[in-house]
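Quick one: the structure is below, questions incoming.
Every chain is named by a letter (A, B, C, D, E and F) in the order it is written, and numbering of its residues begins at 1.
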């Protein structure tokens, strides 16, 4: 009897998309305005979903208060009010696209949950663009 | 050619999370503020989703007007403006966690649909916490 | 050059609407389901708005981080996960209607702001019902 | 390492649900108000989701700017501010139910993506009714 | 001690904007796609707001259950699933623009409330366009 | 017979809040995380509201398609995907706080409307923080 429980969170960050081994012209062509030199930014809205069995004693799949604290420690404190390109080591070598941020968040969170849980990350870069990753 | 159709609904209810066979201290430790003695409450927002084949004659997977009425009779009239712990027999022995409420709703609705349909319940306890159950 | 700044917050609480000096029948007639004996509840979504002059040094009308902390101390810690009828002294003698909760919040917050500010409270009892009060 | 990327769009259209080979009475019985003779309408909100591998060079599953343009050309210019029954050939013979509109959109878009992508259409007919189709 | 109470509702309708005393060319120039011959449509989302004194006995400015029923009778039953141009007499001689629909709703509702109340209509034609009217 | 019409728009930008004539310590104390050196960013959601008389011929207070284009030219093309501190001259000497951005937008738009219109700017910096300015 598997149930999925989800918790929303958010963080605000600056980023740009570009490759230093490409010309400005090619960066502009591939990434458009997202390659603008001085960065832009987003309110990232995050949904963390865990699928697992209900604990008969508590009626919980996972304590969402505990999940909230894990997200706070691993995602908000790490990414909130940061420049993803300059401040986050993970994005020194790869682009902080929404896809790659979702994978980063997944990898930081997955270590907290044993194998009986499935983890899924949904990340809204804007209210109109979002990505999902589940390992 | 399977399509999923979904209908939203809502109900407002009071509840608390606790076990009578645990001490107040243990209830507080496990359930936090959700164990507060005199109950708190939520606007539960519900999404009922049915997956099935399209009826060629009507273009419908299922008549959403009919689904609206089933939800009204089985969920809204049963749970709206109720105290889930005191007024709902199903929660005499198990906790009215969002997970268990979703399962209760699933079990009340599934009897209406033949085996060709898959049913999924999504239940928002708050705009930030939600659960999904599909049997 | 007056600007209005607003901050959202939320709390979850149980309540019912009734008068102990009225018969059950009259309570039912006037308050409908809201008079159900064992309480129901809501996710209250709150918007606190302050109108004032911009501080030329900071570009702020009011520090929204500071406002967030005031709301946390005066509203969330006071009302969140509570039974408004049983746990909140202010509602021993008056009904915890959305109107009266908004006035209570206004009165608790107004003491923090000098006369140069106008304060407005917007309180959503459900996503479909809300009230506004500005003193 | 598959990721799903999604883009939202919208269009406004008129439609009605009825079969010309049925009596008015039968249309009314099956489709209710949706069969009203002179049409009604909706703000359709659309989510187009693509699942695929991340391109290592760009960090993209698919360029959402490119996806936005495809949706504009194939969906918005085709359906926006139209009468689905009268103006859209696809609905001369089948009903413009939300289910059938979602399939139409899927079929118009799928030709743009090679087999390594999975496409999913989510279509809100109203904020309370929506359908999903993934081929 | 005035408080504003608001209730949301909705209806779905078809319309077009045009003047029969103008050429097709002029209608197209002034109203753009909104003049398309065969109509388009919207999910209109409505907020009805009443400002007045709190009744000391009930804690209500106005019973929102009663307001819900008035909106149902005067707005939903009149406009829902209708073609505003063809089915609504009020729009035989004036355009069913969002502005004019808001005024129509105001005029239908104002008769229910005595002079101690102020009425305001907010009407969303789409999630991105809305109008407000208060007499 | 005045009506208010509103149009939503959005732009994504990076910014930070700080004064170069203050020490890092003072900037941190006053602006908190918003002073982080390498910028952060937001999806700014904008509502532009115009109050005026209805044109009897069209039923419009103002053509929202025209308003959309003005917002695009004056706000989106000027601020979208920019670093407000580095790329926008207006913020060389004052902080790009939400308050100051709203005033900037007001000043860029007001020149388009004659004195019979009242203009109001609502700017969401995040879904939880927003400001309003009307001259």
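Just so we're on the same page, contacts are C-beta pairs under 8 Å (C-beta built on N, C-alpha and C of every residue); 3 or more make two chains touch, one makes a residue touch a chain.
Just so it is clear, the structure is predicted and the values come from calculations on it, not from any experiment.
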Using the touch definition from the top, list the chains contacting both chain A and chain D. B
Can you spot which of D-E, A-F or E-F is a repeat of the C-F interface, where more than half the contact pairs line up? E-F
Between D-E and A-B, name the chain pair that shares the greater number of C-beta pairs in contact. D-E
If you average the CA coordinates per chain, which chain's centre is most distant from that of chain F? B
Rounded to a multiple of 5 degrees, the Cα superposition angle from chain B to chain D is 120
Which chain's mean C-alpha position is the greatest distance from chain C's? D
Would you kindly tell me how far, in whole Å, the mean C-alpha position of chain F lies from that of chain B? 41
Counting in whole Å, what is the centre-to-centre distance of chain B and chain C, each centre being its mean C-alpha position? 28
Could you pull out the residues of chain F that touch at least 2 other chains? 127
Chain-chain contacts as defined at top: A-B, A-D, A-F, B-C, B-D, C-E, C-F, D-E, E-F
Chain C residues touching chain B - in the complex, by the definition given at the top: 10, 12-15, 33-34, 36, 38-43, 45, 80-83, 86-87, 126-127
In their shared complex, chain B is touched by residues of chain A numbered 1, 3-8, 49, 54, 57-61, 63-65
Within their complex, state which residues of chain C touch chain E. 17, 19, 30-32, 94-100, 102-103, 127-133
